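Two complexes come next, and they have one chain in common, chain A, joined by chain B in the first and chain C in the second.
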Partner chain A sequence: MGRLDARAKIIGVVVFVTVAAMLTVTELIFAALALSVIFAAFSQVPARHLLKAYAGALPFILIASVSVFLFAGIDRGIGMWARTSACVIALLVLASATESLQLFAGLRRLGVPKIISTLLMLTYKYIVLMADELVRMKTARKARGFSGGRSLFDLRGLKIIGYTAGMVFVRASDRAEKGYEGLKMRGFNFDLKTWRQTRLAAADLAFIAWFAVVSGALITFQLGAFA
Partner chain B sequence: MHIPDGLMDPMVSAIGWIEFMVVIAVALLISGKKFKEKDLPRIAVLSAGIFVAQMLNFPIGGGTTGHLVGAALFAIMAGPVIAMVGMTVILVIQALMFGDGGITAFGLNATNMAIIAPLTGWGVYTLVKPFLAGLKTETKHGKMNLGTAIAIGVGAWASVFVSASACAAEMAVSYAISGGAYGIAATVSIPAMLGYHVIIAIGEAMITVAVAAYVLSVSPNAFRSISEKNVAVPGLKGIMSSKIAHATVAVLIVFALALPLYFMYSSEGADGLEKTMEDAGVDEGDAVLTSPFEYGETYFAALFAGILGFVATALVGLGLMNIFKIGRAAE
Partner chain C sequence: MSILEIDGLSFSYEDGTPAIEGISFKVESGEKVAIIGPNGAGKSTLFSLIAGFRTPFTGKVIVNGDALDDGSEDKVRRHLGMLFQDPDDQIFMPTVEEDVAFGPQNLALDDIQGRVMNALRSTGTEALAKRVPHRLSHGMKKRVAIAGVLAMEPAILLLDEPTSGLDPRARSDLIGLLNGMKRTMLMATHDLEAVADLADRVIVINRSIMFDGTLADLAHRKDMLEQAGIELPSLSKLFSRLKDMGYDFRHIPVSLDNATSETARVIDEMGRKRQGR
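Now for the complex of A and B:
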């Protein structure tokens, strides 16, 4: 899946997720979940990575599912879990199987305004830098005996956390000017362009078609066209 | 607060998308005129900084933690329009690179965290600051006085609380209009979200003040909106270009965004007092004084009534400030 054009992946997954989010018939929701799991299995994204990322989204999914289960019955509770999981898994596969720059360039070529796509690229670049900076600062903080504060009443702890965040801003803004100069040196002119402008290949079109057919079938059954 | 796909009723998700698209299109139009190419790295650094700051967990107590949202900090540091664009970029990265927040729910997530949160944070900070201008006591950090620190804290608290309230209301409306197929029941979503976020928002306020104090003392140029002075322009143009007027518009936009949900959720039934009177068999008498205005039964009528009420309240507030000379000391 890594070789597919980012535009094809974005279109396919967005269509599928949009349709899956609208399903209310339990059988169709489980069909969507099964398709999402199959999609994940064929994506070559390591299962461990996907499970770890899914675990991050699980608390919100569970709160919603348990609430629906308590107030509207077990079928709807399970339906809520399956529907949100189907969407989250498909989205996680898209996020994991697409290189960041390709994804942003794909969005730009799909018509996202250049200010947003350029900011996406620059922001992502700085996030990587600043996250490294933060890890170093956290290690230094820990070495000096700070372990994250105790509660909201621990004013000293909150002050240290606030100063850490402030320091990240200050250190990174120094780099921003230099980073911008570096970009200008390499011919940056306010727009995000990839080195190679690929065209949609047969495999990309097949990928979109597969998702279109599957999503079309799901929504047709949902609307009761064959009932 | 990141809503995943499949949780919300499609109608509520669609409203979220429409609201977000309209507001961000206007923000991009304004920012397109304001931005210069060399501003982009600064905005990107701020966006990345907020993203990374969201990775810093703060303790709440009992072993639980919360994390910074940062929308108010962003808006106070860079202004609300840049904050809206920057927060949108953060949310796109979170949704597409980390699967945090959905695609169909992106409109709602962006409305809550990229529009309502920065507008509320900046609006409340700007409206509250003149009232606290008399508090000139310097904090330990030298460059920030107590009044500014309190205004930043109140703005940050309000931004998290109001955006969490919007999120809870969206879940409750989804549940109500879908008959339980989507969303979370109001009896769960509202106390859970508001109860948790009223405390998270305190942490947000304290950390935002600490970050602002640090950045202001080390790199004051980073805070354009704090260091900017209001230039007095006479007449209507002066009123329209004042920060108070802009903050009033910001709060009104938040109100306008909340109205469609209100109409989807509002009940035709009697309120508490009317029901009690009905049960007791007491009829409502003729009013001694009647207003020429009503709250309105359509979106635009209610919006008009809200704007009218808000502007009237703001004018009374400004009049009182003028009478008691509040805020003049700050200029």
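Now for the complex of A and C:
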């Protein structure tokens, strides 16, 4: 899946997620969840990575599901969990199987306004810089014997963490400024558009078609259930 | 006319601390000039000033005939290609070839395909064209960054610590690559061995210019080296010590080629003297 055009992946997954989010029939919601799991299994994204990412999203999914369960009953609560999980798994596969910059470039080529795609790209770069600085700072702290800050009563430890957190922002900001200078040196005009204008290949079209068929079938059954 | 003219350039930080004071020099087309000096001497600030990233300044900066002032920064930058110390600061796009095409595309230059291919070829990164740049080694990222700069065909290359963070192999490859380029270059560096291989001229700065000449001349100025906190390459140090021991070296070699010819000359002279006895 890594070799597919980012545009094909975005179109396929967004269509599927939109349809899955609209489903209300329990059987169809579980069918969408099963399809999402099948998609994950064929995506070649390591299962461990996906499970870890899903575990990160699980608290939010559970908050939504438990809220629905409390107000509308267990069936609706389980339905909410399955529906949200189907969407989250598909989106996690998309994010994991596509380089972030490819993803943003794909969005740009799909017609997302340049200000949005450029902001996404620059925000992503800034987050990477911050994460990089955070790791350096943590290593530097550990290298000098710091192991505090694990308890709310460890005031000295919390103070040090506060100082270093501030330093992370200062250093990341310095590097971000350098990055901006790098962009300006290369004639940046607030549009990180890609150069190659490749066409979608047969595999990309097949990928989109698969999602179109699956999503079409789900929505047809959904509408049929109310006919 | 010089391709770069700097006249009486001074700049202070926001808190009033002077960063550089009264710097003046000219660079001719095709010249390779090394800017050296201790940490905090103002080397990187000088580059930032030339590229129009630090204002306000006093003095004059003229790049390829265009004077730098408020509003002309973009025009001046078109003549410049800057290689940052950390290549991650200047690589943005999802693939190597996209990144190399980034500058020419922004500047609406012609024949982007040809420029990308030439830049990739001249930096030996053709095979990486479709790769994700952020996953490359530091040395390869430097090459990609150079390719991105070359594709814009700037009149002057500004290289900020080009050899920093490179392992010996990547460093020597990069020096070979830069050496093969017939371009005007200004490099800020601590790496005097690289300077010996690359630069025609050396400017020592420590806020202001302390020396302007060749590295071979600088090697004889022990006072200047000490004052500016500059360490000669190990090879030059060895010959300096041998000279102090009484060996008849006319100058302190700064490169392997110089050292070889100077050593051969001294050995020949010593042989002749022995035969004369």
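In this section, the second predicted complex is superposed on the first by the 184 of 227 C-alpha atoms of A that agree within 3 Å, B and C clash if a C-alpha of one lies under 4 Å from a C-alpha of the other, contacts with A are read in each partner's own complex, and residues count from 1 in each chain.
Throughout what follows, contacts are C-beta pairs under 8 Å (C-beta built on N, C-alpha and C of every residue); 3 or more make two chains touch, one makes a residue touch a chain.
Since the structure is predicted, the reported quantities are computational estimates derived from the model, not experimental observations.
Colleague: Scan A:179 for contacts with chain B and chain C and give back first, second, both or neither.
Modeller: A:179 contacts both chain B and chain C.
Colleague: Between chain B and chain C, whom does A:14 touch in the aligned arrangement: first, second, both, or neither?
Modeller: A:14: touches chain B, not chain C.
Colleague: Figure out whether A:130 sits in contact with chain B (first) or chain C (second), or with both, or with neither.
Modeller: A:130 sits against chain B, while chain C stays out of touch.
Colleague: Under the stated touch criterion, which partner chain does A:169 make contact with: chain B (first), chain C (second), both, or neither?
Modeller: Touch status of A:169: first partner only.
Colleague: Does the superposition put A:120 against chain B (first), chain C (second), both, or neither?
Modeller: A:120: touches chain B, not chain C.
Colleague: For the three-chain arrangement built by superposition, which of chain B and chain C touches the greater number of chain A residues?
Modeller: Tallying touched residues of chain A, the top partner is B.
Colleague: Touching chain B and also chain C: which chain A residues?
Modeller: Shared contact residues on chain A (touching chain B in one complex, chain C in the other): 125, 175, 179, 183.
Colleague: Once bound in the complex, which stretches of chain B touch chain A?
Modeller: Where chain B meets chain A, its residues are 2-8, 10, 13, 28, 31-32, 35, 37-38, 40-49, 51-53, 55-62, 65, 68, 85-86, 88-90, 92-93, 95-100, 102-105, 171, 175, 178-185, 187-189, 192, 199, 202-203, 206-215, 218-219, 222.
Colleague: Could you list, by residue number, the parts of chain A that touch chain C in their complex?
Modeller: Where chain A meets chain C, its residues are 99, 101-102, 105, 121, 125, 175, 178-179, 181-189, 191-196.
Colleague: Using the touch rule from the top, collect the residues of chain A that touch chain B in their complex.
Modeller: 13-14, 17-18, 20-22, 24, 53, 56-57, 60-61, 63-64, 67-68, 70-73, 76, 79-80, 83-88, 91-92, 94-96, 100, 103, 107, 113, 115-116, 118-120, 122-127, 129-131, 133-134, 148-155, 157-159, 161-170, 172-173, 175-177, 179-180, 183, 190
Colleague: Please name which positions on chain C make contact with chain A in the complex.
Modeller: Per the stated touch rule, the residues are 48, 51, 53, 73-74, 77-78, 80-82, 84, 86, 89-90, 92-94, 97-98, 101-103, 105-107, 112, 116, 132, 134, 148-149, 152.
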